[in-house]
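Structures are listed in the sections that come next.
Each of the two complexes below includes chain A, the first together with chain B, the second together with chain C.
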Partner chain A sequence: MGATVLIAYVASILWTVRISLSNSKMLPRADWAGMTQYVNLFSSDRWTTAMINTSLFGLFFIVGALVLGFLLAVFIDQKVRLEGVFRTVFLYSFSISFVACGVIWQWMFNPALGIQRSLRNWGWESARFDWIATQDMAIYCIVICVLWHSSGLVMAILLAGLRGIDEELWKAARIEGIPRWRYYLSIVLPQLGPAFGTATVLLAVSVVKLYDAVVAMTNGGPGDATDVPTKFIMDNLFERQNIGLASAASATMLVTVVIIVAPLLYARSRAKAAAGRP
Partner chain B sequence: MKRLIVSLLATLVAGLALTSPVLAQKAEVIHWWTSGGESAAVKQLADAYNKAGGQWVDNAIAGGDNARAAALNRIAGGNPPVASQFNTSKQYHELIDNDLLASVDDVASKEGWDQWMPLPIKNVIKVKGHYYAVPVNIHSGAWFWYSKAVLAKAGVTEPKTEAEFWNALDKIKASGQIGFAQSGTLTYERATFTAVLLHMGGRDLYNKFYGDKDVNAVKSPAFRTVLEKYKRLKNYTDPGVAGRSWNDTTALLVTDRAGFQTVGDWAKGEFLAAGKTAGKEFGCFAGWGPTAPYMISGDVFVLPKTSNKEAMAAQQLMAKVITSPATQVAFNMKKGSIPIRPDVDASGMDICAQAGVVALKDAARQTPDPSMLMAPDMYGKVADVITKFWNTDMKPEEAQNQLVAVLSAK
Partner chain C sequence: MSLIGQMRGRPKREYRSAQHEGSPMRNTLSPRPRQPLFTPARLGVYFFLISAALFFLLPLYVMGITSIKPMSEIRLGNIFAFPVEVTFEPWAKAWSSACTGLECRGISVGFWNSTRILIPSLVLSILLGSINGYALTYWRVKWAGWFFGILMLGAFIPYPVMLYPLVRMFAAVNLFQSIPNIVLIHTFFGMPIMTLVFRNYYASLPVELFKAARIDGGGFWRIYFQLMVPMSLPIFVVALILQTTGIWNDFLLGLIFAGRENYPMTVQLNNIINSTQGEKVYNVNMAATLLTSMVPLAVYFISGRWFVRGIAAGAVKG
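After this line comes the complex of A and B, so read on.
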C-alpha cells in the first residue's frame, strides 16, 4: 500500500513538476526552462477563463447539489409510500457515465432538437431556450447536467445521516409544537455536519475532475465559454503537443485543490474528534 | 500458491512462444476512421493487407486527437502499434527528431516517390533525406459543398464567383432555409476561417499568415476584410450549431436542410454513405475559377520503430500494400479523397474527386494545409482566437491584435 502510494502518486507528481520546468513539447525533455511554462500559463487567456469557469461551476454545483440532495432526502424521510422506488429513481442518474449524461443534456439543450423545439412544436412559437449556444449561460448547462447526475448521491449520503438521528427528538419537538421546517432547519441540519462534509468533499472532487461531461456536451464551447482546466491540460498534453505547459497547468491545479480541500478535511477531522470518535 | 503462479506463467510463456510464429505479419493499426463512410474505406485497406498475406488488427479510436494520444502513449511507453494514423502534417515530426519512427526509404525508392509525390506532401514526410511516413490519401480541407435541392428551392445555381456565393446565401436565407451549415467545434470553426482566408483572402495572404507567420499581413486591411467575411457567414447559420460535430453538420446538407458547408472532402463519404451521388443530389467546388488554390492535406501511417522482426516485416508489407495503385483507388473511392499516385485510373471516380485530381496536377494550385506549416501548439492558439472571434462580439481589430500576439510568441 505504502509503496503503491509512493510510486503511483508521489513519484508521478514529482515527475509532472519536473516536466513543468522543462521545454518539453510532444515528448518529455530533460532540459531546464525555469518558470517559463508557468509564465506562459498565467498569461494565457484560455487558462484564466478555464479557472473562472471552474470556480463558477464549483460554486453553483456544490451549493445546488447539497440543497437539492437535502430536499430529496427530507422528502424520502417523510415515510412516503414506495420509498424504495423513489430512492432508486433519485440515485439512478448517478449510475450513468458523465459522457452519456453530457450527450443526453446536449440534445435537450440544443435549440434545434430539444426543449426549445418541443415547446415550439407544442404551440409556444416564441419559446427561447438556447443557453447552450450562449456565451454567458453555457456553463450553467453543464451545472444542470452534473447536478442531475450527482444530486441523488448527496441524497443517499444525507438520508443515511437522517436515519441516524434519534426519532425521540421529533416526538419531543412535536410536543413543543415546533413546525416541521423549523425542526429540520434547527435540529436536524446541525447534526448532519459530518454527512454534509463527506458529500462536499465528494462533490469537490467531481468539480476538479470535471472533463467528460464538458467534452460530451459542449467541447469547451461556444468559444471558450465552458472551458475547464482539465480540458486545457488534455488539449495541450496531446493535440497541441505541449507537455511542458500541460504539466505546469496540472501542478497549478494540484496546488489549488490542496489549498481548497485541505481546510475542509481538517474541519471534518476536528468535528469527528469533537464528537469523540476516532 | 507461488508454485501455481510460476507454472501458470510458464504455460503462458510457452503458449506465446508456440503461437507467435503463426501470427506472422500481424499488424495492429491505430486509426480514427470511425464514421460510416470512413469505416467502409478502411475496410478496403484491411482487405488488401489481408490478401497480401498479412493480418490486419483494427484498433479504431473515435476522434483524431484521441487516436493520436493513444498512439503517442503507446510509442512513448515502448509498446507501439505496427502502424498508426496521423495527418499529413507536422504532428509526428518530434517523433522523427527523437528517432522513434522507422523509415520507409526502401518502398519509397522502389515506387519512385521522389518523382511523383506532390511537393507539399513530400515536404512533411521526407525529413533530412529520409521518408518517415506512408501517405494514404490526399484530402483538401477547403472544399465547398452544397445541396442541390436547397439551392433549387431558393432559385439559385452553383456560385461561380464569390459575389454569387454571397448572393446565393442571401437567397437561401430568404427562402427560409439554413444558408450555411457550421460545425460547433473549435477545429471546424478554424477550418471555415481557413477556407475563407484561402478562397476570399487569396493564396498570398494565406501563405503569409500560416507559412511566414507574418504579423504585418495580419495587421493589413485585407486580413481584416477576411475576418469580417468570416463573421458574416454566421448570419446564415442555424441555432443548432452548439457542439455539433462535422458529420452531423454535413447531415444537414445530406438531408437537404442547409445550403452550403465548407469542409474537407472527407465529408463526401457521408453523402456516399447516405446513397447520394456527386453532381446529382449534391455539388462541390474547391474555390472559384480554374486557378483557385487547392489546399492539400491528408492522412499518413507512421511506422514506429521496433526491434521485433515480424513487426518490421509487417511494416514494410503495409507500406507497400497501402501505396499500391489498386488499394489506392479502392480506398479513396470510399473515403472521398484522392489517390496519392498520379498513375492511377481516375475515370471511375466521381466528379468531385476528378476535379480534385485536375487541381492537383497543377503544381501552381497546390497549397499546403495549415497543419503542414504551423506547429500544433501555435495552430491551436490560432484556433483559440478564431473560436472566440466567431462566438463572441469580439471586434476584428481585437482578433487581429490577438493573432499578432500568437504569431510573435516564441
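After this line comes the complex of A and C, so read on.
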C-alpha cells in the first residue's frame, strides 16, 4: 500500500511534467511541443499578475507574520497574567478554514456596509477604506486576512523556542547593563534561528498553497487583481480546458517550491547535524 | 514533543524588574517575587497584548453579532454595533434553507457530507500513517531511505502539481467524484505528514521494548496492535486533531474530487456566499460561516494544549 502511494506521487508529478511538454488542450496529447507551453505561460499577462501577486503577498505575509508572531511571543513571555487566555485568543483563528477567514474579512472590508461605513457613521465623513474594491490594494486585504489566520502559529512556535532559552543569559546580560530590547535583539533572536526556520518553511508553504482565501474573499478580482498561481492553474484545468498550460504552470510552481524550500531544509539539517543530533 | 513541556511547565525564573535591582537579597527571602502590575513597562506589555487580542477577536465578534441581526439593522451599516433586536432566524436559515446556486437546502447538507468524508478519511489516514511510521522505525524496509525522501517531498509539493493525473487515474477506475474518491485523496495527501508524525514518535520510544517483544516471539502485527498502539495513544490524539481540522477545512480537494452531490461544508459555504441572487443576506452568510467553523473551533477549545502539540508535530516536516 505504501509503495503504491509513493509510485502514485512520483508518477503524477512526472505525468504533469510530460503534459506540460505537449500541445494538450482539453485532453492530454502524446505529441511533443518542446517549451511552447512555457513560452505561452510566461508571455501571459494573467500568469505575470499571479506571480507578482504571490511575491507581494509572500513578502508582506511572511515578514508580517514573523514580526507579529515574534512580538506576541516575546510579550507573552514577560510573565503576564492570564497568559493562557492570551495564547488561546492568538491561536484560535488558526483552527478555522481559509474559506471562513476570507468570508469574515470580506464582510469587514465591505465598502458599503463594513468598516468604511462605520467610520463614516461615527462622523469621519471622508473615511476611505475600500481596498477590497481597488485593483492595487485588494491583495493587501488578503494579506491581512491570512495574517489574522496564521500569526498565532508563529507565536506558538517561537514561544516554544523562547521557553528553551536559558534564563541565566538574561541575568548575565543585566549585570552587564544591557537593556532588555538589546538583549532580545542580539541574544535571543539569533538563538531562535531554528524556530524561525520552521516557521518560515510553514509560512512559505501556505504562500504557495494560497487559494481558498482568495476564492472566498475576492474570487481573483477586482478584474484579475488578486489572481494567484493556484487559481490560474485551477481555472485552466477545469474551466478553460487548457491542461497543457496548466501543467506548465504547475511544473513552474514545483520548481519554485524546490528552490525555496530546499535551502531552508538543508540549512536546518546542517544546524541539527552541528548540534550533534541525527 | 518538548514543545508542550516547555510551554506548560515553564522553568521557574528569577525574573526581576529594575525596581528590585537595589536589593537582590530580598528575593531569596520572599517566597515568590511578583511582578508589580503598574510600571510603565508592564502597562506597555499589557497594552500591546490587549490590542493584539482585540485584533484577533474583532472578526469573531463582528461575525457573531451580524449573524443575530435582522437585515434592516445591517443595512444601517454599523457592523460593530450590538443588535437592537436579536433574531436567531439567520441561523435556522443558514442551516436548513440557504441557497447554494439552484438548491436551497442550507449548509446542513455540507455538514453531513463533510462528516461522511471526515470519518473514513480519519480512520484510513491515521491507521496507514501509524503502520508506516512503525514499520519504518522498527523493521528493515527495503529502500526505506527512498521512501522517506519521497515522503518529505510529498509533504511540500503543492497539490496542483498532482491534480490532473490524479483526476485521470480515478476517472480510469470509475471512482472520480465520489465519497471513496475524496476519502482516498485525503488519505493520499495525508500520508506524508501522518507517517512523519508517527515515525518521530516511535523513534523516541526505547528500542528495548521492541526487542523484548521480538524475543517473546511477537510478529509484525501482534507487536503493532498489542504494544505499539497502546503505547502511542498520545500521538494518536495528536494525529486525530491534525487530521480533523485539516480535512474539515479543506476546500480545494473537496471541490475537485468530492463531486457536486458530496460537496463538503467549506465548498457549500463558498457557494452560499457567492451565489445568492438578489440582495446578499449577510446575517445568513455569517451564521453559515460560524456553523462551518464550529467543528474546528470545538476541536481547538476542547483539545487545548493538545492542539499546540499537534502544531508541533505537524511542524516536524519543516
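Heads up, the rule we're going with is that the second predicted complex is superposed on the first by the 274 of 278 C-alpha atoms of A that agree within 3 Å, B and C clash if a C-alpha of one lies under 4 Å from a C-alpha of the other, contacts with A are read in each partner's own complex, and residues count from 1 in each chain.
What we mean here is this: contacts are C-beta pairs under 8 Å (C-beta built on N, C-alpha and C of every residue); 3 or more make two chains touch, one makes a residue touch a chain.
Given the structure is predicted, the values throughout are model-derived calculations rather than measurements.
> Which term applies to chain B and chain C once both are placed on chain A by superposition, clash or fit?
clash
> Quick check on the superposed pair: does A:219 touch chain B, chain C, both, or neither? Answer first, second, both or neither.
Both partners, chain B and chain C.
> According to the stated criteria, A:113 is in contact with first (chain B), second (chain C), both, or neither; which is it?
both
> Does chain B (first) or chain C (second) touch A:239, or do both, or does neither?
The first partner, chain B, only.
> Report for A:25: first if it touches chain B alone, second if chain C alone, otherwise both or neither.
first
> After the superposition on A, what does A:8 contact: first (chain B), second (chain C), both or neither?
Once the two structures are laid over each other on A, A:8 reaches chain C alone.
> Please work out whether A:206 is in contact with chain B alone, chain C alone, both, or neither, and reply first, second, both or neither.
In the superposition, A:206 contacts neither chain B nor chain C.
> In the overlay, work out which of chain B or chain C sits against more residues of chain A.
More residues of chain A are touched by C.
> Check the residue A:46 against both partner chains and state whether it touches chain B (first), chain C (second), both, or neither.
first
> Would you check which partner chain A:150 touches, where first means chain B only, second means chain C only, and both and neither mean what they say?
In the superposition, A:150 touches no partner, neither chain B nor chain C.
> Looking at A:37, would you say it contacts chain B, chain C, both, or neither? Reply first, second, both or neither.
It touches nothing on chain B or chain C.
> Of the stretches 109-117, 181-189, 271-279 or 289-297, which one in chain C hits chain B?
271-279
> Return the residues of chain A at which the contacts from chain B and from chain C coincide.
Residues 28, 106, 112-113, 219, 237-238 of chain A touch both chain B and chain C.
> Under the touch definition given earlier, write down the residues of chain B that touch chain A in their complex.
Per the touch definition, chain B meets chain A at residues 65, 68-69, 72, 76, 91, 94-95, 98, 184-186, 238-243, 375-377, 379-380, 384, 387-388, 390-392.
> For the complex, which residues does chain A have touching chain B?
Going by the criterion above, the answer is residues 25-28, 45-46, 106, 109-113, 116, 130, 132-133, 135, 138, 217-225, 235-242, 245.
> Provide the residue numbers of chain C that touch chain A in the complex, in ascending order.
2-3, 6-7, 10-11, 13-15, 35, 37, 42, 45-46, 48-49, 52-53, 55-60, 62-63, 66, 74-80, 128, 132, 135, 147, 150-154, 156-166, 168-169, 188, 191, 245, 248-252, 256, 266, 269-270, 273-274, 282, 285-286, 289, 292-293, 296-297, 299-301, 304, 307-308, 311-312, 315, 317-318
> With touch defined as at the start, can you tell me which chain A residues reach chain C in the complex?
1-3, 5-6, 8-13, 15-16, 19, 28, 68, 71-72, 75-76, 78-81, 86, 88-100, 103-108, 112-115, 117-118, 120-121, 148, 152-153, 156-157, 159-160, 163-164, 167, 170-171, 197-199, 201-202, 205, 208-209, 211-212, 215-216, 219, 229-230, 233-234, 237-238, 243, 246-247, 249-251, 253-254, 257, 261, 264-265, 268
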